[in-house]
């Protein structure tokens, strides 16, 4: 198996292990199934791992994005699929897989989600982890070309971004509505993004 | 989980197998196993109505596939949108050459995937129009109607769109008439107990005994007010008043009323609620043209109910009374 | 109690008011407020079907008052028989001169009161015949069939008796045909959760999480086996096997199958159960002629399901497929 | 108000106060509503009390029986109605309301229930309190004409009879069936009979 394919499997495993936490967070303001959907997504991706052995990153991202779109078409799954598909297309245009490339791909992912879902950062969504991660990656890439270094900063930013969603009002809330009940809880999608980026960082570090 | 299930991950699959075994005379799967269409689809020359959404809401969505109703439905996992591919498979199987109306509830995953499916269908030369049910007044305030979720009121829209299509209306006309109904449709629900997504294995939310939540969404999304569970009359008043505050109306208007059970609440209680809603509407100067009471859109075993009001004119009334038949809903 | 009710003592009354407000075009009360009959009763020259029983089982009993079904129902309090007076009021209101068939479930109070009503009706010159549903194989062993309780299978008997009456059969013939169906009918249920009689205020029984009870009665009467809640397939097998052990049958026989929800169990789960029941019956050499899946006889918010098997011949099949229409059940 | 009408009201009050216990016992092998039904019956009887002021026992029993038949037509309620109606008819034939009369009425009541319900003593029903009560009354009446004395023995016998149902198998049980779960619990109808007879005894004693 290639390091890339191994990385994909590692990310999938990490997501699967977080299923309960994701369900719990999604239950606060949503329907409590993000972990269920992401477990299905992880299984779908797992099934593809053997076929990814000799594929370049662009193909891997597009393949995984397609699997999510077909097998995990919930709101979060569909947005993530868009992100992977857009990042995959962008990856095909990149020459090297260095720190700057990571920033490019994260920006592409965040842009795809913003376009598809029509949300802005600050409304307690996955964007609140992904946008800071992309920004941190871009900043890190300005001083380092090392992929691992850039990913470490991105993963940190994603984690902080996800934590910051605790105090945000959710996308469908308005003053006085019970949606406020989510105060103090991270957004499930933001947490997912943090988990995925940490898993990617670790996979790259150990590769 | 006190559930009659096998592998939770196979729940939607096995449910669907059961439905097809039970109702193979009326329903069939198209190219994709999650694409369920009328056994006689496509009906040549008729506008087709395509729908879909997550499982766990029967008779929504797949239960409204039948004559005088929808032509096909894409079936997702519990509380999760089906994929654009599955929607496309439905679209291709139901298109009878007169175009396809996508009619579904206003949720993120469904909207994105039906959007993608529409693009794919257009690429294959199928004319698609889209209409999203957004009847839940509790899900966003006035002025932000496009953000509202779709709940049980979508039943009325299936009934109307299906009857329009059946009588031979064009795609534009089916859509326009159904949009007129949607503009005159409002719903709101109250939850008394939670539900458990099989693969999650734990209740989506906790509602302490003696409490209720007004406006809770059909997946357990937070509502507008949590408080002491009050008498049915007080609850009915609160729901009806919220609808009347949102739905423009004048004395003498006629409405159809739907009192919908969310799952665990017995029909008897729905009729106790209807009894008061009827009186409240009459006091507001409205006439109930027809009452629909039962389980039209559920949330697994959630306890509670929703009320939907549809202001009707003569044409909408006739469309609502037109015959319809699916394995889950029959009107003669 | 997580219930949408007002005064628990007024529950049946208010439910009934709601039903009559909602369905005044189809139903009316006769001389007694607890006597509900078809709006067009009596139908001259037609044998009338009269039924009744406790509340809390909708659509049973009152929901089967309609064309091609029963002509009237006496409505008791929750889980309590209506009175002989109320039954007599139904009898007098539905009698069209061709006699009245009493068709109800085999329970003590109902049997005694319908017995008294029949005597009173005879005194007024109305010919009455009686047939009690006793389809629950779990409620008494073979050899003691007359002691068995009636559960959801009674739906098939309404359908058949109603269709016989509608086509003009005599009272003796309606009874004989319905008796033939009853002789070929078996049911059994499984409970996964309890229910609360509103005026009692506490669950009738406790069923710990992770447990189920096979054969529990529709009021919570003890069943034949309590044990770990197993997979839906294993439960379906156990229920079907119990029915097949009791119902004489031969390979090639055709059966109608009813998978009935007790209240809180979602339709999705009923279809998961049906899926396996279908396979099990096929493996036993039987052919499912038609499947009926949904809530046909509930026990308030009890969780669980029952399966009924009716061995059919050509005549019974035609009667089952005949049109019928009540506010709760329509077949076209 | 006559002593008789007061007695009726006192019995109704005692039954109403036992509603919860009756529901609980009925829930063991039945549907948990005997207390609900008997509360309705007690209210129906209460409403009649004023009209009973100057009525003889026979009329009182028949009136109460009719009220039960119309307003509390459950299994237990209907059987009790039959008992009251039959006892009322018998009362009309009696000359004195003494100990022997009490035995006569209890025998009539038990016979009516046995006929109507088709059960025998020993199958865990109301008969298991009522039949011993009638027997005890007959025995007591052989040595005393005093109504209070005879009713005291009858009430005692009913209580013991009800207690003895704890170890009986219920009417619809058979070996190995879960109906056995009622072992250790009194039958609800037998308990009701014991409560009613104790209330009658007390009403007569204080009259």
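Just so it is clear, A, B, C and D label the chains in written order, and each chain counts residues from 1 on its own.
In this section, a residue touches a chain if its C-beta (ideal position, glycine included) is under 8 Å from a C-beta of that chain, and two chains touch if they have at least 3 such contacts.
These numbers were taken from a predicted model, which means no experiment stands behind them.
**Q** Which neighbours do chain A and chain D have in common?
**A** The shared contacts of chain A and chain D amount to nothing, since no chain touches both.
**Q** Would you kindly tell me how far, in whole Å, the mean C-alpha position of chain D lies from that of chain B?
**A** The mean C-alpha positions of chain B and chain D differ by 54 Å.
**Q** Centroid of chain B to centroid of chain C, CA atoms only: how many Å?
**A** Centre separation, chain B to chain C: 29 Å.
**Q** Averaging over Cα atoms per chain, report the distance between chain C and chain D in Å.
**A** Taking the mean C-alpha position of each chain, the two centres sit 32 Å apart.
**Q** Could you say which residues in chain C touch two or more other chains, in rising order?
**A** Within chain C, no residue touches at least two other chains.
**Q** If a residue has to touch 2 or more other chains to count, which residues of chain A qualify?
**A** none
**Q** Connecting every touching chain pair, does the picture come out as line, ring, star, complete or other?
**A** line
**Q** Run through the chains and report each pair that touches.
**A** Pairs satisfying the touch definition: A-B, B-C, C-D.
**Q** Which part of chain B faces chain A closely enough to touch in the complex?
**A** For chain B paired with chain A, touching residues are 9, 76-86, 107-109, 112-113, 139-141, 147, 197, 199-200, 202, 204-205, 213, 215, 217, 219-226.
**Q** Quick one: in the complex, what on chain B touches chain C?
**A** Checking each residue of chain B against chain C gives 2-6, 11-12, 14-19, 21-23, 55-56, 58-59, 63, 190, 192-193, 207, 209, 212, 229, 231-233, 235, 263-275, 278, 288, 291, 293-295, 298, 300-301, 303-305, 323, 325, 328, 330-332.
**Q** Would you tell me which residues of chain A are touching chain B in their complex?
**A** 23, 27, 29-33, 35-37, 39-40, 69-79, 82, 116-117, 172, 174, 177-179, 181-182
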